[in-house]
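Next come two complexes built around chain A: one with chain B, the other with chain C.
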Partner chain A sequence: MDQQRLTRILATATTHILLVLFAVFAVFPIWQIVNISLRPGDQLLSSTLELIPSNATLENYERLFTETEFLRWIGNSVFVAFAVTATGVVLASTAGYGFSRFRFTGRNFGLLTLLTTQMFPATMLLLPMYIMLITLGLINTFLGVIIVYSATALPFCIWTMKGYYDTIPVSLEEAARIDGCGRFQAFSRIILPLAAPALVITALFSFMTAWSEYIVAAQILQDSQLWTLPLGLKSFEASMSTQWGLYGSASLIVMVPVVLLFLALSRWLVSGLTLGSVKG
Partner chain B sequence: MAAVQLENVRKVFEGGQVAVHGLTLDVKEGELIVLVGPSGCGKSTSLRMIAGLEEVTEGIIRIDGKVVNDTPPKDRDIAMVFQNYALYPHLTVYDNMAFGLRLRKVPRTEIDREVRSAAELLGIETLLDRKPKALSGGQRQRVALGRAIVRKPKVFLFDEPLSNLDAKLRVQMRTEIARLHKRLKTTMIYVTHDQTEAMTLGNRIVVMKDGHVQQIDNPMILYNRPTNKFVAGFIGSPAMNFLLGTVDRRGFREESGIFLSLPPRHKKRLTKYVGKKVILGIRPEDFWVGGPRNRGIRVQVEVVEPMGNETYLYFSTAKNGAHHVARITASETPAAGSTVNLQVDMTKAHFFDPETELAL
Partner chain C sequence: MEKRRLLITFFLAPSFVVLAGVVLYPFLYNVVLSFGNMNLTTIRHWDLIGFRQYVKIFTEPSQPDFYTVFWKTIVWTVVNVFFHVVLGVFLALLLNQKLRGKSIYRTILILPWAIPQYIVALTWRGMFNYEYGSLNIMINKYLGLPAVEWLKSPTEAFLACILTNVWLGFPFMMVIALGAMQSIPHELYEAAAIDGARWWHRIRMITLPLIRPIMVPAITLGTIWTFNNLNIVWLVSNAGEPADNTHILVSFVYKAAFNFYGYSYAAALSMVIFVILLLFSLAFLRTTRATEAAF
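Right, the complex of A and B next:
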């Protein structure tokens, strides 16, 4: 076996070992949580290496829906997440368009400021936001969290949208305006459908920001009737004991909508929709 | 069909850059006028102002007698074909062509009839269900033309529509546009940097440079009687040759010593330039190989480009090193590096003032 071939085999083997290791790291926690949710009682630790525990039961799932406020928390989370997504999509798609297509005083400053806001950790902004929401009387309201989540997600979403619009030739809009569209119609009928991949990213990012957020929600939503899923999940943890079975099963159910969203929207994530519109 | 008038139209971009200086133009009903010039001459900006895609800084634009300075593009009743086609990628060819009519709430049956008839006219009836990305460059440009035609606009605007096509397709599409104009008889304003396109398509041609109009005339007048050195050099391919020299009582003496005697017509015209410097312009086809040695110019051929039916000879005059080209019949082709005697048809010579560059 010559030296070159050996090197190639070694390189391939190393790559594969590394990839398998990373895959294990990614999959292990999910497997673990599946396992916990199926165990009877609240056993967190188990020495068995069985993929599915031998005494598996759906009891935790049943208890989750019958003995807790899980359905309400789902409803609250869905409401907040969809409101944040809608706000994100509407504001980011229009603001991004403005930044991409128009030259106005303060444009560069605006873009840089949006970028700068991303550099501060969310926890640092917690206190000023809390004070602001108290002043506005928005503590313990959905509107409060929706505003904070939208404000957090928007800068990234605006940049994403702006970057995508930049790749769409202006001549498409001009053609539409000559064909009979007004400015807004050219935007909504031609540019927006072409920006679908960026809109999907914006929607997913906004949704995720709201769906899995804990710290801000914990400060703002104090009434258990208003809790979102992360707050509900945290409530399974008590000072004396934690209901790991419920925690596991709830975590898995929380994951489902996100996975479904990604699957449903994945075909839109394929960019290059503008291919063929212009020269080439 | 409508007339288009531009009165002293000026365009100044933000930052003070003047793109168009006072353009005045009267496009007659049914005319195909071509705006031609090098990059940055203001031709596209002028077209975009007519389309309503750029604001007019000063001056008036009229379409069909109506001032349209503040009319949005959609209400100007124009159609535009873009250099990069600008087809809507998410719509099929049919929907691309029907888009404008749908916006105008034209009945569905009428839209269908118009789209199919335009598609038939352009030979794209089999492509109606395809998306733009599944079309070749030539097909895309046909769809863009079709999208313009179905609307039956008062004025067609073309912004370098053939620039992205290969040479063969360009010639083909050029003929198609000419045929289309003949058939539709609609006013067309066509922008190009290609003087061949301008010459072959235009009823009249507007030559522009640095935002100024240089000359507006029909193609043959532009070619035979250019008003200045720029027009003379821009129109015609290969370009006109320019030689700097002095006029004396007998003829023209180039700086390197080349002497060309002047026919009586030119002698009379250049009387007041005797002893002064002028630029002599000679079209490449006004040279021929041979003739007596004591007449014409002796040059060493640097490069020979055979075109089949004719040959281009490249040479330079010794002193200033300016490169020149002669277009001769294929049977006269000499070898590269050889020295030949070139005769010049001085009856067709052009003269320009070296300072103002205006034709004398």
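Right, the complex of A and C next:
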């Protein structure tokens, strides 16, 4: 009996040690960002590791808001991200319902096509769209990036919505229609509220696509007035002597809200992913 | 019947129109482009030249070499996905038991997934800095080993990209695996315990086989994402440094398109990547028969 208890205690201890090790591995770069953002100007290129830098200061944060275009980048990013989110939610909630509830010619083909787009390398749509945007005069406009981001996010969002609608029994709509609801009312009053978790995932996914995108924005938004946050942050890193202090403080401000949002919604995100891919 | 058609149109037409404009049309345009000779100088008056761009990809020497980049991409994908799945499943096994502080561990371990990828890449790039990067400080000052030139030599730079990507990718697999494990009915483990099955046997005979149907699509998705992950390679290696030695296929195409302006060449390369991924997905899903329930 004692032998068994000992093994159990040992096993629990090992589990905790391993988990702590991996937790440190996971947190390390985040701690780096916090640390860099708190360093005073003369210690940015420090070659020691301290948990909190000596003479920790908030001057980088102050400089970020007073000496850089940070607020403008936030405004640009928020605008683009909300536009992409609105497009994603409206289109995916309706199209997902259509794919889930109706059988029509071209349905399977449509679904397969949406799935296939996930295999496109980034350049597959970016390059032709880039040339199209030049022709249409949409380079250096927000509309240009909003279009490309929607193209990236929409297929995934439609799949997620369709997968979720599939789990809602059709009998609910039938009951509503017996009670005198039209087909559309049954959708908007009964099904859409029930699909709230999937709508949240769709919104989060669309938002994150736009909020965290660098590669596309770098080609389309060349005018620094139009820069979104990723372009702004990259410019700190790319300048002759990297402005690590500004980079660190900006990164922290940019990632804290999305990280919190992500953590709060991560359970739903996962159920959406697995439903979307497994149950179809 | 007429009404039904109207409803279908109402629900699907808006998305169809948008997708036709932003996905279908660009895709077809890319196909046409790949048979042409468009570059920066011929952008206004380019011609169709058949399969010449494709022939060029496979037969003419390029900088960097196509086959080298191809094999690097395979190594990149296999190594990354291997570590994502192994670490992910391992951590999920640790978390899938009665444990104090479980939700705190889970939250911390998801963090790498939650952070925007470009911030991950730029931060790791800073950590790989020769003199001031925290990795070399640890290696040199605290372990007493010689500092590593992470970003200046081809092998190390590639390793740096892989390390970064392993860090950001394991939480996804962990969360998926944990979700799958929690849906396994408890009675199975109880029955196995009565039969005297040891810990490892229970994992091998119950846990692993039962999470497989959920892991297979997740691994397919993970493979595609990794194969196509432009962010990490591009930003960690700063566009392929040193001297275009750190490329996978997508970053190679991106460079060909937007730094060298070989539009048609890049379009053809995109097609090649797409076909590789399509064939892989079909083969992988067919052998594992995971799509049977998909429609």
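Criterion: the second predicted complex is superposed on the first by the 230 of 280 C-alpha atoms of A that agree within 3 Å, B and C clash if a C-alpha of one lies under 4 Å from a C-alpha of the other, contacts with A are read in each partner's own complex, and residues count from 1 in each chain.
The rule we apply is simple: a residue touches a chain if its C-beta (ideal position, glycine included) is under 8 Å from a C-beta of that chain, and two chains touch if they have at least 3 such contacts.
Keep in mind it's a predicted model, so treat the numbers as computed, not measured.
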For this session: Quick one: classify A:Leu143 as touching chain B (first), chain C (second), both or neither.
Result: neither
Exercise. Can A:Pro169 be said to touch chain B (first), chain C (second), both, or neither?
Worked result: first
For this session: Using the superposition on chain A described above, determine whether A:Ala23 touches chain B (first), chain C (second), both, or neither.
Result: second
For this session: For A:Met124, decide between first (touching chain B), second (touching chain C), both and neither.
Result: second
Exercise. Is A:Asp179 in contact with chain B, with chain C, with both, or with neither (first, second, both, neither)?
Worked result: first
Problem set entry | Which superposed partner A:Ile253 touches (first chain B, second chain C, both, neither) | neither
For this session: Give one of first, second, both or neither to describe whether A:Ala86 is in contact with chain B, with chain C, with both, or with none.
Result: neither
Exercise. In this superposed model, does chain C or chain B come into contact with more residues of chain A?
Worked result: C
Exercise. Of the two partner chains, chain B (first) and chain C (second), which one does A:Leu192 touch, if any: first, second, both, or neither?
Worked result: neither
For this session: Go through chain A and flag every residue that touches chain B in one model and chain C in the other.
Result: 273-274, 277-280
Problem set entry | Complex contact set, residues of chain C against chain A | 3-4, 7-8, 10-12, 14-16, 18-19, 22-23, 25-27, 29-30, 33, 38, 43, 87, 91, 94-95, 97, 99, 101, 105, 107-120, 122-127, 131-132, 134, 137-138, 141-142, 167, 171, 175-176, 179-180, 213-214, 217-218, 221, 224, 228, 230-231, 234-235, 249-250, 253-254, 257-258, 263, 266-267, 269-271, 273-274, 277-278, 281, 290-291, 293-295
For this session: Show which residues of chain A lie in contact with chain C when the two form their complex.
Result: 12, 15-16, 18-19, 22-23, 25-30, 32-33, 36, 45-49, 87, 90-92, 94-95, 97-99, 102, 104, 108, 111, 116-132, 147-148, 150-151, 154-155, 158, 183-184, 208, 211-215, 219, 230, 233-234, 237, 242, 244, 247, 251, 254-255, 258-259, 262-263, 266, 270-271, 273-274, 277-280
Problem set entry | Contacting residues of chain A [partner chain B, same complex] | 103, 169, 171-172, 174-182, 185, 190, 193-194, 273-280
Seminar exercise, completed: So, in the complex, the side of chain B touching chain A is made of residues 14, 51-53, 72-74, 76, 78-80, 82-90, 99-100, 103-104, 131-135, 137, 140, 147, 151, 164
